[in-house]
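Take a look at this one; I'll ask things after.
Going by the order they are written in, the chains are A, B, C, D, E and F; count residues from 1 in each one.
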Amino acid sequence: MNENVLWDLKADKVNGLAKQDKRVDQRALDEYRKIEITKNISENAEGSANVKLGLSEVVAGVKMILGEPYPDSPNKGTISVGTELLPLASEDFEVGPPRPEAIELARVVDRGIRESKTLDFKDLCIREGEKVWICFIDMYVLNNDGNLFDALGIAALSALLETKIPKVEDDKIVKGEYAGKLKLSRKPILSTFAKVGNKLFADPTLAEEKAQTARFSVSTSEDDYLCAFQKGVSGGFSGSEIDSCIEMAFKSSKEIRKQL
Amino acid sequence: MNENVLWDLKADKVNGLAKQDKRVDQRALDEYRKIEITKNISENAEGSANVKLGLSEVVAGVKMILGEPYPDSPNKGTISVGTELLPLASEDFEVGPPRPEAIELARVVDRGIRESKTLDFKDLCIREGEKVWICFIDMYVLNNDGNLFDALGIAALSALLETKIPKVEDDKIVKGEYAGKLKLSRKPILSTFAKVGNKLFADPTLAEEKAQTARFSVSTSEDDYLCAFQKGVSGGFSGSEIDSCIEMAFKSSKEIRKQL
Amino acid sequence: MNENVLWDLKADKVNGLAKQDKRVDQRALDEYRKIEITKNISENAEGSANVKLGLSEVVAGVKMILGEPYPDSPNKGTISVGTELLPLASEDFEVGPPRPEAIELARVVDRGIRESKTLDFKDLCIREGEKVWICFIDMYVLNNDGNLFDALGIAALSALLETKIPKVEDDKIVKGEYAGKLKLSRKPILSTFAKVGNKLFADPTLAEEKAQTARFSVSTSEDDYLCAFQKGVSGGFSGSEIDSCIEMAFKSSKEIRKQL
Amino acid sequence: MASKKDEKIEYVKNGKRLDGRKVDELRPLKIEVGVLDNADGSAYLEWGQNKVIAGVFGPKEALPKHTQDPYKARVKFIYRMACFSVPDRKNPRPARREIEISKVCSEALERAVFIERFPNSSIDVFVEILDSNAGSRAAALTAASVALADAGIPMRDLVASTGVGKAGGEIILDLNKAEEDAPDAVDIPIAIMPRTEEIVLLQMDGLMTKAEWKKAKELGIKGCKQVYEVQREALRKKYEAAEKPEAKKNPEAEKPKAEEKKTAAKKSEKVSK
Amino acid sequence: MASKKDEKIEYVKNGKRLDGRKVDELRPLKIEVGVLDNADGSAYLEWGQNKVIAGVFGPKEALPKHTQDPYKARVKFIYRMACFSVPDRKNPRPARREIEISKVCSEALERAVFIERFPNSSIDVFVEILDSNAGSRAAALTAASVALADAGIPMRDLVASTGVGKAGGEIILDLNKAEEDAPDAVDIPIAIMPRTEEIVLLQMDGLMTKAEWKKAKELGIKGCKQVYEVQREALRKKYEAAEKPEAKKNPEAEKPKAEEKKTAAKKSEKVSK
Amino acid sequence: MASKKDEKIEYVKNGKRLDGRKVDELRPLKIEVGVLDNADGSAYLEWGQNKVIAGVFGPKEALPKHTQDPYKARVKFIYRMACFSVPDRKNPRPARREIEISKVCSEALERAVFIERFPNSSIDVFVEILDSNAGSRAAALTAASVALADAGIPMRDLVASTGVGKAGGEIILDLNKAEEDAPDAVDIPIAIMPRTEEIVLLQMDGLMTKAEWKKAKELGIKGCKQVYEVQREALRKKYEAAEKPEAKKNPEAEKPKAEEKKTAAKKSEKVSK
């Protein structure tokens, strides 16, 4: 059977059940799939993590690289976030330069971290105007069963929480020696919701994403801040739907934060 | 009706009229369309202009950027000219890296300015061997109704004539402060001619370009210098045709120069 | 007749003769085609050579460029090898970024030279940690009649053997003056073999490459070292076939070395 | 990336912002419709210092073929900044920021356009930013939506967009660059279809409480509705001008309406099969 | 590019290497089969510090059309390193090294797969290196070959691979990074089909004599055979687990076997003609 | 970009230039025809220090399909410089200069070739600069035109090209690098079809008066005609050699003539429809 037809049927099923407030895998509408976090999956990375969110699986790794600061913020380092949708993760992904989907994922995860101010970029300054840390967070999708936003968000944060800062001598990194851990002041969690019919599903599976008319992601902190929003897909939300998503996000993010 | 067929018909009409020394829009063979120049269309640019040449419309903007000189001319700055054929300007233009057409346009405009010596590149030197100005002229085509060469040439010159040089302190640009205007000693004007049948048309429209067998552009200065030539399209010119173009160019460029 | 069908017929002929230990051009199985080396084919290059191997023809040129050393080898310069399969060399080659075939050729030639230690990269250091020579070897295929590996290997070595080191003053190259020749301590020769049926052919022609099931290249030095291997094409070799190739390579490379 | 200014700035003082605006006041907004000759629809927009031009082509056959959807048109939205439209020269290659904005704006417009009426088609929207100072994506989306209407593309409603957010602890509409550089700045680009208030674009950067968000949401929707009025007025002017033929720029160039094009597209599909 | 260490290091002392291994001893090798849900076949492999994941899709119609071979399938092997898998961050764009490794590994696997049974098809093998420390191409090829078996692709034999070479004058199996950095280091990636000992991948870097090569060859083949045992054991475990249905990760997701797919591919070809 | 030399240099002294040439004298020019085995036509050219190789393939079906013109062939001319052909190493990626030169040379050759005889076809001309010293585009075009003739492509006339211009106030033919670096240097690449003197390529850089241009034009046309003689002589030699079969490089490799190919191309079109 044609791949697209198969997904159409799955989406139909999702839509049918949604009318009865039900999901194919019998989760509650605001319920997350099982999360498994494995830390330090790469010794070459300064910090790394593998995250399984149901059948979705991703990895993230951090490399701390010496660089020069931007002229307009001479006493600040920065972060740089990249995502690759590996072709082994889905028949839909291809070899090649990052597609808009991958760029959006990277940028939303980036904003969730950056705007939460969990990292003080001044901590990443080594010598004002000359040497700063650039914290590269590279993320790879190994298996796509939906909600890559949240899986990648958790992986990036988990990798950062493990990140050791290399020792620096004479402006060069001393391989294998570390000067301490990266300091994070918050744990921002990205929570994504799919609008299916007029229902809101937390942590959508791939089949639910095929059925969704709109998507909303919100990054929240343990001290009750909203840090970032991203609305996607060609449908809309009412203002109160957005507020419902935010309420659910604050609740579910608390649970996820415990597992970090 | 097929787009190409439509243009073939328009070109036929141009060719038919050319035999009677006439043009579709009733201009004389050496007559330019109406030119409208709007300066300072972008505050972020150090100088900018919008130019309408008939229904062709382009913009040019100048950014003065600090850079290092070439090793073999340590006391000189330089210019860098780019053109983009925006897809909103024509159904024929596409998103993507610059095509040979765009590269030729940029390079001919560049030579018209550079080779006229209107800019003394030594004026663009800040500290010999270390810091010079690179004068980036970025041009965009907003609507294509033919003769982009001349429209872009006028836009680039108009933008340069407005260009303010940013103030520099400690090798850094002080945002929003200026140390004077860019000095231009000449006003080189690019004049382009289409060969239609055995006639030479100044300032060809898009329909005339579809009918042309050859194209010739010449940049001339107010002090009677030729500064640059560019012959294009798969046809040829006799030596005396080139000379006719040059005569017409000196005449029409005087008129255009008054409107700057 | 279809191009592919033609090559299939040629390959059939190669295979047929192979059973009788014969080759289309009547060479012995371990015999090379005629080699013609023309040195200094480009004055702008610090060293250059044109090599004809039968009807295969390639050029290589060396440019010595000032650069910075890698942080982990501050007292060493380096080499960089590139290959372009020019479209004029074969109907199969196209304009565009290098294909895997071109990258493999460049990297195998690179390893043959680099790993033979014929160049002492410390000789390429000008000032430790700051200035070193980068020796760019750029190679172009002008006509492909098979065994580009060996033709390019000979061309690269011939170009290096001629290479003059530019004079340096104040960290800048003095154009047209030289401080001596590049020092090479070995003459590594790449020798390539095609497996056709169960026979091993030295220096395969293009038709023989179409018939081969596997390819093996080995770089050998005059002091009896093996410097590099590369097995290619979707077939395999027995260990003793590899050893036969190595024996043949030591023999034929001696002959080739005489012609440098 | 910009350095945050001294924290002691008061961003709202006696009900006035640094540039004299009230907290719920947009920067001056001006839209002109039908400014490009070749595009099927177009608009030029000035919004504070932002200057934006938008052009629309389509609906036309979506190419390459594998991008065609037999159930609907795609809206291809391309947002690009001119190299000189920012304080430091922008690299001409599309930045990841431009690609992301293009994606979210495409999705916002697909909600508004009756895409299901144009199977296998593409509606191409190109926006070039000629000058910028905070809020260029709202400007781009607002201009694009007017250009779509100018092209005669049938839509549920216009999409109206604005920025809203926080600076110096105050919830304010349509932040300018100075306000976006506040140490506590929050920027929320929002776009709605004003008739239903359906939110079709929503992004946010920065730290804000739920209470602040609720206030910002109200203000943002209110701002979008002001934008909507300017959009409608601009379209009204164009139609009025169209009734006086002498005002037309190029009377000869009759453009086929989208609905007619649709039929043409269908025919050409048949031929190409 | 790495700087060579002090020449006085003894790489083998009392029969033990720096990391305690014997000269003919592999680093710890662990393979898990069927770790990815969407791929038709997959494997996760740890080999010393190397960590590798491989996924296989196919056989499926080779696209674009002009890449189709009417006589056989192609094996498209893509080897990539995660940016964080090396001591210095790798640029995300594929390096020339990655492209060359992809090419030679494709060719090695094409020898093992019955490619002639799948005309016009592509068998896509993707390998991502998550962590590395010498020998990542042998790890990639070893994992890929298991993933192909997991996908039910018919093969002459598994391809088993290892590194072998020289450090400090000693011929040793499966060099680690410290050994690869020896001043006289020689690195020889080798892969064989163990049943026939046919060599399907062979590369070499460094200076070695014929006698050294002969010793290395023996040791390399021996090493590949050890790798082969681990591959077979991993596959055996998977099949045993498959017989206990409760152990299955996702019992609903029945994957079509390659042979069935082949028929399907043929059908779709007919349709597309 | 080169720094201009001291202005006191006399570029012509007692009728002689710095390199001993007269004002209307070309640098030594040598053309060899049919130097490449696989190309349908080819030429190797040395002109002063410039060394150029040109190869022609076609006419053949233009691909991709959308580049086909039902009324004529396109001439695809690709001009590239070897990285080592210039004083500083050239980046291997095609520079904007190379792309522009390729475009104007394509257009020049399309005038000379009977492109209307080969609808939907492409005639591909590749030129590689192996060494350079001012005038490489004239060298490329001159070589390409001979290679086209060698390929049996029917042409109105050969295209002959040269540089002409000004240095130290003197109008001179075929400037070398030292002359091009004169502070008042003007460089005019020109190409004509010598029988009609039709100008098919003309570019100019620098400041010159109309009177200087007229003098340069005369001199340029005269120079092109000298080049033409060398081209014809080279082709004559090749044909003479062709009549002595033992002189042929590869007697077996009979190349189909272009006119025959045309028929073949038409047949294959029918098949492919």
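A few remarks follow.
The definition used in the following text is that a residue touches a chain if its C-beta (ideal position, glycine included) is under 8 Å from a C-beta of that chain, and two chains touch if they have at least 3 such contacts.
What you see is a predicted model; the values in this text were computed from it and never measured.
Common neighbours of subunit A and subunit C, listed by label, are E.
Steps from subunit D to subunit E, taking the shortest chain of touch contacts, total 2. Under the touch definition stated at the top, subunit D and subunit F share these contacting partners: B.
Using the mean of the Cα atoms as each chain's centre, the chain most removed from subunit B is E.
When chain centres are defined as mean Cα coordinates, D lies farthest from subunit C.
Subunit A and subunit B have Cα centroids separated by 47 Å. With each centre defined as the average position of its C-alpha atoms, the distance from subunit A to subunit E rounds to 30 Å.
Centre-to-centre separation between subunit C and subunit E, using Cα means, comes to 27 Å.
One full turn of the ring, starting with subunit A and passing subunit E second, gives A, E, C, F, B, D. Per the touch definition, subunit E reaches subunit C in the complex via residues 1-3, 75, 96-97, 99-100, 102-104, 106-108, 110-111, 115, 188, 192-193, 196-210, 213-214, 217, 221. Chain contact summary for the complex, subunit A toward subunit E: residues 41-46, 48, 55, 57, 59, 61-63, 65, 82, 84, 86-91, 95, 136, 138, 140, 142-145, 175. Listed in rising order, the residues of subunit C touching subunit E in the complex are 70, 72-73, 76, 78, 100-101, 103-104, 106-107, 111, 114-117, 216, 218, 221, 224-239, 242-243, 246. The touching residues of subunit F, counted against subunit C in their complex, run 36-39, 42, 49, 51, 53-55, 57, 78, 80, 82-89, 92, 124, 126-128, 130-133, 250.
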